[in-house]
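Heads up, the next two complexes both have chain A, just with different partners, chain B and then chain C.
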Partner chain A sequence: MTAVSRIDLTDASTFPTRRVEAWKYSDLKRWLREAPPASPQAEVSSPGAFDALGGEAILFANGRAVGVTDFIASGEQTLRLRYVSDAVGTGHTASARVSARAGARLLLLETHEGAGSAYVAHNRLELDVAAGAEVTRVVLVEEPEDAISITEADVRVEAGGVFRQTVVTTGAKLQRLETRVKHFAQGAHAQVDGLYLLNGSRHADLTSVVSHLAADGTTSQLIKGVARETARGVFQGKIVVERGADGTDARMAHNALIASERAEIDAKPELIIYADDVQCAHGNTVGTLDESALFYMQQRGIPADEARALLTQAFLIEVIDRIDHEGAREVAREWLTARL
Partner chain B sequence: MLKINNLHVSVGEKPILKGLTLDVPAGEVHAIMGPNGAGKSTLGYALSGRPGYEATEGSVEWAGEDLLELDPAERAAKGVFLSFQYPIEIPGVPALTFVRTALNAQRRARGEEEVAAPAFLKLVREASKALKMDFDMLKRPLNVGFSGGEKKRMEILQMALLEPSLLILDETDSGLDIDALRIVSEGVNALRSPDRAMLVITHYQRLLDYIKPDRVHVLAGGRIVASGGPELALQLEAEGYDKYLPEAA
Partner chain C sequence: MAAVKETIDAVAALEKYEHGFTSDIETEYAPKGLNADIVRFISEKKGEPEWMLEWRLAAYERWLAMEEPTWAAVKYEPVDYQDLFYYAAPKQKEGPKSLDEVDPEILEVYKKLGIPLKEQEVLAGVQGAPKVAVDAVFDSVSVVTTFKEELAKVGVIFMPISEALREYPDLVRQYLGSVVPVSDNYFAALNSAVFSDGSFVYIPPGVRCPMELSTYFRINASQTGQFERTLIIADKGAYVSYLEGCTAPMRDENQLHAAVVEIVALDDAEVKYSTVQNWYPGDAEGKGGIYNFVTKRADCRGDRSKVSWTQVETGSAVTWKYPSCILKGEESSGEFYSIAITNGHQQADTGTKMIHLGKNSKSRIIAKAVSAGKSDSTYRGLVSVHPKATGVRNFTQCDSLLIGKECGSHTIPYIEARNGSAQLEHEATTTRLSDDQLFYAQQRGLSEEEAVALLVNGFVRDVMQKLPMEFAVEAQKLVAISLEGSVG
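On to the complex of A and B.
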């Protein structure tokens, strides 16, 4: 499989505008009219959020690999994949390839760590999950409020393979985290979860396309998000069930909270079904924090800000609870709690 | 001492309380009775500071503080506790976490040290036992899936742990069967003390068989229209509220 990414940071004519349907809510061209100059080399001295969980590492600093860019997992392994940006007004692209051999179990712990300002990062990942392999990908994304970043992951899951993903992000000036998953052979399972917690005027776009190309595949997706102040959260979830992919069971849910009158949530769930014998469902809700719950908590002595944070955490934590690796789950929980 | 003087409260544009005056000395239990729509629940919300229940006139003083100047959490830290007629469900927040967060927030606000987890659990175990509550229930999200009686016990449990000094019970007997009513009332009575004041808001006299008031007030048309001893509750039970309704006044 080759994943052809159409975006090339060195060629502004490849930057989509909002006239491209899939980029309607994340108008890259608006914020990036010209190709940014190439980012300089950078040193990475800070530890990564997942260091305590050990394992192997792939590290990119401003797009340049410090060591290897490819990894093949066999048996039971942990890989920390770090995309580090430390740049001002420049751009860089990083590409990694990861695969899990038949029967392997890989814990893929990914961090996007941004320092500096107004950089443009383009991160790519190709991930192959072989027959009977299991990959759990947990992604923590923290970037400056004026950064632009596009992350694209292409995931191919073979027969009986399992791919689970949880993306946790606080957004950026324009941030897109796109995952394209292909159920390539019979009986694959994908979990494509994520959450966004956006302050200020931040933007996060969680886009996914899950294609069922073979029979008896299952997909489960839970995306939750909170947009505060003038932030904007975007969810685009597409599930395609191709002809012949009978026995598919696909479920998608997106639940968001708007915490201010000027915040915005854009949600576009899509189910496209060409097979007959399938079960598909999607649900989408956008609401506000429950005022009576807020008052109740304050009445018991919990100050308004703390009450809001507690309710927000309670709302979002369901996504974290679904991470099936305890160590990664606890890191993600603490990471999120520290950013409420 | 709770001193409410000429309190006017509007909800939206609508005046609900229209010059309510009431004193409750520390150590006393006062019952507020009245017909539906008299403003009983509004009084509870106004005293505890619920947004949307705006005091347009008058004053409320508790322990020398002007309550109307404080936000709801500050009032709670000063000892104000409203037991809700319909306690709110808080999905995702275990009851234990909720109560400990509330207790420690109040203690911080008062400049006291926070209660550590082991000491807190010990307190909860004792208090839940007295209320015949299943401790495991407290690990579940607060009030979510609790029965009406369980929710009311949960309110009394919080009251016992937070140790407020001004207790406002809004229709605490609604939805309780006789056994639950007895347990809940015992929980409330255990909190009676010389430095606590209680306002028991109720439509029916039944609750006052269990929580004996020192004084009974009739709230109708947004004002206290009659006050008396415990015998007033019995009289209301026998005669109804008709003579206090605005049409009859």
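On to the complex of A and C.
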């Protein structure tokens, strides 16, 4: 079982090393030997990427809540959850709790906005999806290349509940985005998508554990990533089907491009299955851009760099296309295109 | 769901292991337990050169400092390493000159197992089968090796490793431990200290071994661990196909089997290594059975060298085994074809590692796991591409089939790519036997058991086809027997 990390930024002994199996490819201790000093207060003046979509807001500035930290959705609502970091060499922790009442529809728009340098951010989210509720979580992460950040989300989905997630990140010095989803009661559905686009020496680790504890749950996962220069992309996806979770249908795919000689991709897609009436599959590919497609495009007069960018965009955009909310999808698409 | 009910009932009644007989053979033991003196005893018994004793003692020291690994997805009663015999040999005159001098009781055992020890014999049940040279290892010693002279004519060395240590010490010294170092892991260190026999194969440059070589391991004595060591060297341009089989009597106790297999393939050499592992799996309650903790590794040192592992794992109470390839040579290739079938209370944690170091090296992994009863099966594998290995290709396919509500099946592949030109593909599926297919086959007049055997054999077919013919016959029967009683 994955040891649920209880990382405490004020206690260096809680920082996992790569000897901890779940942190094998993201050695926190290596980059963070000592507990960082606490971050000072910060002012937030910049707008968030999702402001135009309106709704309620939870805002954290260097871990401090500006207003509420908890939110309960009923009916149809939009919540913008902003984790803003503006610090130099210091650390902070933010915790939020969000729940969607039975039958509610919540659009959860999350942004991780980093300014300053070499900060350490630790964000936690607890999310409850009640029976028949639907939550769509879209996360955009942009941080300085020398920042360290760890984001943990614990999601609990009740009977017939639907949880959809799309994480889009450009990485950091060491960045971990971990989502733990539990299908708590019958007939829940989870979509746990993600995308990483990494330049320089950035690192991004998309880790997920989806546990099917009840029957007839479905899980669908599509993760795509590109690692350029000396960047390192990590995907660890685990699907657990516990005894009695019959009728589970779980699919996982991870496709990555290594766009340079020195980039690295590490992947560990796991299936742990204790029930027999299940359909589970995972696919995992690591490769390069199709040379013949590149050649074809150049032949048609498109410069090599542009051709490469177009093919990369075409490769990644599939993840964005799966976002079911149109407004959020368009914001994410623009956000990604601007960073290609 | 009548079929499911029947499955559960049938699993409860499971008791099938046809090689479970014991033979009363006068056996010579070393004193129980493990210490430096036992290591010395074994080395002296084998008449080994001094350097070999030192090598063993160093391994023993390393082992003492190591901890038993716990990361595998298996649970078992801890092994009491001081409550084992580390050396058990059938009493016989020093080095039997011919088959006539071998204890007839032992010959009887092999006859029962269907292993041809007389050179004129061919494998039972296979018409016109090609010749197979056999090295028969009984507990801690090799009792007979066939076709030695015929093989020697083409320069192939095939003999017990204890004999090779005396006759070709330089060759053994050069390669022993060069693929699996003494301190590689806990069980490899233990094996290095106490291994008593096993096979040694050397194929000279450019020689295609004229027949299949095979080693047949039999554990007979109780409270005994078996630690064999196999070393295969294929020199430039050589080819050999090697088969390995193993069985043990049914006993209430758990017996330890910790083997090490090392393969070295030089330029353009090819080694095909096939295993049908049928150690006693324990009874229906999970009592007894072999702990199979094995380290198998091939070093594709030469350019264009190729090693292919094929395994059919049906036996053992607990299996912990990852036949691997280190692909150092340019354009070297590694293959791993595996069928792992678990039933009753068996647990298997098996898979492979493909370490790509050489340019344009290729690997292919096809793993099929079938879990039934209360068993647990895990595929654990690694494909890693090092920064300097350009043009690497890998394809991996892992499929699992679950039969029954109480079994588990897990897939844990690791992919580590550090080179931009690598093309790696991995796919895995887990399903149960399709009701539709079962229904269809039964509608056509097959009994439910036949239908299951048909579907499972279809499921594992990709791997079956990679087995040498002699083994394929046995393996196909094994698949049916292993699953007998698992489904209605």
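Criterion: the second predicted complex is superposed on the first by the 335 of 340 C-alpha atoms of A that agree within 3 Å, B and C clash if a C-alpha of one lies under 4 Å from a C-alpha of the other, contacts with A are read in each partner's own complex, and residues count from 1 in each chain.
Methods note: contacts are C-beta pairs under 8 Å (C-beta built on N, C-alpha and C of every residue); 3 or more make two chains touch, one makes a residue touch a chain.
Note that this is a predicted model, so its numbers are computed, not measured.
Novice: Using the superposition on chain A, tell me whether chain B and chain C clash or fit.
Specialist: These partners fit in the superposed model.
Novice: Hey, in the superposed model, what angle do you get at chain A between chain B and chain C, Cα centres, nearest 10 degrees?
Specialist: Approximately 80 degrees at the chain A centre.
Novice: In the overlay, answer first, second, both or neither for which of chain B and chain C A:R33 touches.
Specialist: Neither partner.
Novice: Is A:Y296 touching the first partner chain B, the second partner chain C, both, or neither of them?
Specialist: The first partner, chain B, only.
Novice: So, A:E264: does it touch chain B (first), chain C (second), both, or neither?
Specialist: The answer is second: A:E264 touches chain C but not chain B.
Novice: Just to be sure I read the superposition right, which of the two partners does A:R243 touch: chain B = first, chain C = second, or both, or neither?
Specialist: second
Novice: Now for A:L311: first (chain B), second (chain C), both, or neither, which partner does it touch?
Specialist: Only chain B; A:L311 stays clear of chain C.
Novice: Does chain C touch more residues of chain A than chain B does, or is it the other way round?
Specialist: C
Novice: For A:R19, is the partner it touches chain B (first), chain C (second), both, or none of the two (neither)?
Specialist: A:R19: touches no partner chain.
Novice: What's the minimum Cα gap, in whole angstrom, linking chain B and chain C in the superposed view?
Specialist: 15
Novice: Counting contacts the way the document defines them, which residues of chain A are shared by the two interfaces, the one with chain B and the one with chain C?
Specialist: Overlap of chain B and chain C footprints on chain A: empty.
Novice: Which bits of chain A are touching chain C when the two form their complex?
Specialist: That would be residues 21, 243, 256, 258-288 of chain A.
Novice: Inside the complex, what are the residues of chain C that reach chain A?
Specialist: Touch residues, chain C against chain A: 71, 387, 390, 400, 402-432.
Novice: In the complex of these two chains, what residues of chain A are touching chain B?
Specialist: 290-293, 295-304, 306-307, 310-311, 313-315, 317-318
Novice: Enumerate the contact residues on chain B facing chain A in the complex.
Specialist: 48-51, 71-73, 75-77, 80-82, 84, 87-93, 98-99, 101-103, 105-106, 109, 141, 158, 162
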